[in-house]
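Pasting in a structure now, in structure tokens, and then I'll have a few things to ask.
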Amino acid sequence: MSAQIKVAVLGAAGRMGSEAVKAVTDAADMELVASLGRGDDLQQIIDAGATHIVDLSVPASTEQNVRFAIEHGLHAVVGTTGWSDERRAALEALLAEHPENGVLIAPNFALGSVLASAFAATAAKYFESVEIIELHHPNKVDAPSGTAVRTAELIAKSREAAGVAPSPDATETQLDGARGAEVDGIHVHSVRLRGLVAHQEVLLGGPGEQLTLRHDSYDRASFMPGVLLGLRTVASRPGLTYGLDGYLELGQ
Amino acid sequence: MSAQIKVAVLGAAGRMGSEAVKAVTDAADMELVASLGRGDDLQQIIDAGATHIVDLSVPASTEQNVRFAIEHGLHAVVGTTGWSDERRAALEALLAEHPENGVLIAPNFALGSVLASAFAATAAKYFESVEIIELHHPNKVDAPSGTAVRTAELIAKSREAAGVAPSPDATETQLDGARGAEVDGIHVHSVRLRGLVAHQEVLLGGPGEQLTLRHDSYDRASFMPGVLLGLRTVASRPGLTYGLDGYLELGQ
Amino acid sequence: MSAQIKVAVLGAAGRMGSEAVKAVTDAADMELVASLGRGDDLQQIIDAGATHIVDLSVPASTEQNVRFAIEHGLHAVVGTTGWSDERRAALEALLAEHPENGVLIAPNFALGSVLASAFAATAAKYFESVEIIELHHPNKVDAPSGTAVRTAELIAKSREAAGVAPSPDATETQLDGARGAEVDGIHVHSVRLRGLVAHQEVLLGGPGEQLTLRHDSYDRASFMPGVLLGLRTVASRPGLTYGLDGYLELGQ
Amino acid sequence: MSAQIKVAVLGAAGRMGSEAVKAVTDAADMELVASLGRGDDLQQIIDAGATHIVDLSVPASTEQNVRFAIEHGLHAVVGTTGWSDERRAALEALLAEHPENGVLIAPNFALGSVLASAFAATAAKYFESVEIIELHHPNKVDAPSGTAVRTAELIAKSREAAGVAPSPDATETQLDGARGAEVDGIHVHSVRLRGLVAHQEVLLGGPGEQLTLRHDSYDRASFMPGVLLGLRTVASRPGLTYGLDGYLELGQ
């Protein structure tokens, strides 16, 4: 098929990169034309005829990789961290000179997690109470998880914009820590348990009813449907999109 | 406050109606100006200076009530069943002559349930697998519940529009009924258990991840935030809106 | 039936007491012979031919009620609080003189809650990790709940007796409170949410697996099966039993 | 330590066997003295000084392996399937001649799963309603799962012994399959979802309350704590024990 997406994977030897190599290879509407690791010459991407890159390399090289892609007329889907405000501003300036090119930078490619956060922010306007429980393996060094903090921030922003009062709470005496941490006024509880991977529940309550949004992440494979969705969409979205939710149809 | 919503409740002696009387009375931005039961003269609504009606009466009188309200320049929020396609078409014709008036007819006022169904339809486009479990008290005579059937239909429609393949299923041998009922190709399981009220889970699965949307309904009180939201919104939405989701901001 | 259980309910006008009156009346193998409220003459119990009392009165009168029952050869099922160590010791001394009589004092009559706590203590010996999440309505003034504290204490005792190491936890940096409260080394998280009643989850984790024990309490009616079980069992258990778990067959 | 458990793993090249080799090697109180694959000479077990065998081979060789172990005074922990009633009877006859030797044959080594089944059978006596939901990956060919069928049988037996009535169910009209399969009168629902591994929920309901027992199995690693528990216990339990629950302290 002439319209096929020709993909070069950068950071192909890493854990995410090797999953992406597999996923692109298995996708019927894509062709894997190049796999680059650390130190490989970027010119290979052009020689192989790529139309898209997936950058899953390291913070030190991601900016150079993406600029190279844009300057050669390619679209880019980026999962590497390290995109500070400055880097993103510089990238947008470059994209202004290449108005046909699209770039997606996504801190999270798990569709279920991105959807759950978006749904939580939407629903939080309509309920009196909201709290977050995140559950992870016991080797995690920080609590709460970054995803839980971002979800709480989104929820708080959504409730503030809608003028919703803080969640009711009559607690007078508590054992230290019982009511969890507070992130922008939202209570967040962190469970650590052997056997778990990465899980999150947003609990919303109103008179006589409860809505629970739960996401379970078992495996790095969960990121690949999001990477493929990014590759299929990025050419039709010129400029920079930050966050996979920008590509999802969240209304009805 | 002059801009206050002046509400007449019709069907005020019923179970839903008496909850609505309480809820309207307690709402700071509303005034309950009339409560009508079976056989009461509708003229009372006008005499009391109502700007809105809430119709929670019976199928036999709801059409007459709503037409009366529109003809007198009032807005209407309607929870009574029995609005066939014919009735709704006739109502829309009447509303065409009263372009300032709004009517909301909602088969379900529980915000959590309406949101859960909408989220399920949105998310179902992005996952390989989806199934529904509904759980109710053991006195329920039908299975699956009406809400589960409607949720399955919404999901099936959303997946079909997006070109999503049927959920994978390698089952070769099954004990009769083990895989549940099928509604438009979506598997639905009905649990009946003493102690429960009305609960529903939509389970969505992709490689390495799961998204679960659960709604628990414990009490009729859960319908009142939706009724109040309807009353606060209906004046700004001329014409007929069918379903409370039409009033919710579901995108971001 | 001559062997029928003839029951006098004390504290019959209270919330629990009135439920008990209904439950005893509805039980085919029991007969409600007397219902006493505050200040009623205890002699009515004897005159009515009661064989058992259910005491759901107040701390100030429960001791006197139970002693009266024993001295007249009756069995007693007691849900009233206020049974200090001293009172229980005095009661056991009295029971030593009445070796045929049985008394059950139960701080919790909800079978599901009692079973969940017992199962949690049993299972906690076999898992690396254990944490508790309790969820209640937002009008509750203390956190964690008394049930969660008792469950944590039972779990800690069971793990200590079996020589199980503390749950693994690599947390280095946490937002204050994120990891919950600690009760005897067990992490306990308290969620407060409009719409909820009283709920508890014990989460147990080992390599590659998780066991979750969840109890939902929706209604005071949940105590009645435990009260009836107590009435049916107490005559065959002379002496004092503390805790409904003493009457449950927990092994196989 | 002289009292150390010296273990020979049979079927060491298989998926379970290789996990067992790792688990025994890592256990401080055990020594791996031999690892045998298909066709290896059983005499190696004796020459290596083993005191225990773990048999995770194939149905065709397990009986011979276990008989060899007993005849040489060793204890055996067996996870291989294929132990028919006849084979077990023959094994018990052999053990009668070797009264010091212990054998554990376990169809399931996941502690959480074994505990959940045992708890379900115990609790089912005390609740009006009980149903089972099992959830697996969509490549599973049979429904319900074997574990769900066995759990339902245990529950049915426990309820029958206690004289509990069937779960109430007022269903009059149902879409075919909605109420699930029936195993000995217990309703069982089978969910198949991409991303899942093996999960089971037993739901128990009474007036105003619910008890839920959920087991999640993510990984074959979950069997190893059960295998090690078997090895540590088998020498103190002469004769044949069938099922890991025989080694668990299930009461308090």
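Each chain gets a letter, A, B, C and D, in the order it is written, and its residues are counted from 1.
Assume a contact is a pair of C-beta atoms (placed from the backbone, for glycine too) under 8 Å apart; a residue touches a chain by one contact, two chains touch by 3 or more.
Here the structure is a predicted model, which is why all the values come from computation and not from measurement.
The set of chains in contact with subunit B as well as subunit D comprises A, C.
Chain centres here are means of the Cα atoms, and by that rule the chain farthest away from subunit A is C.
C-beta contact counts were set side by side for A-B and A-C; A-C has more. Measuring from the averaged C-alpha position of subunit A to that of subunit B gives a distance of 33 Å. Taking each chain's centre as the mean of its C-alpha atoms, subunit B lies 40 Å from subunit C. For the pair subunit A and subunit C, the distance between mean C-alpha positions equals 47 Å.
With touch defined as above, residues shared between interfaces to two or more other chains in subunit D number as follows: 127, 195, 204, 206-210, 216, 218-219, 222.
Chain contact summary for the complex, subunit B toward subunit C: residues 195, 197, 216, 218-219, 222. For subunit B in complex with subunit A, the residues that touch the partner chain are 110-113, 115-116, 118-119, 121-123, 125-127, 204, 206-225, 229, 245, 248-252.
Across the interface of their complex, subunit C is touched by residues 127-131, 133, 135, 138-144, 149, 167-183, 187-196, 203-210 of subunit A.
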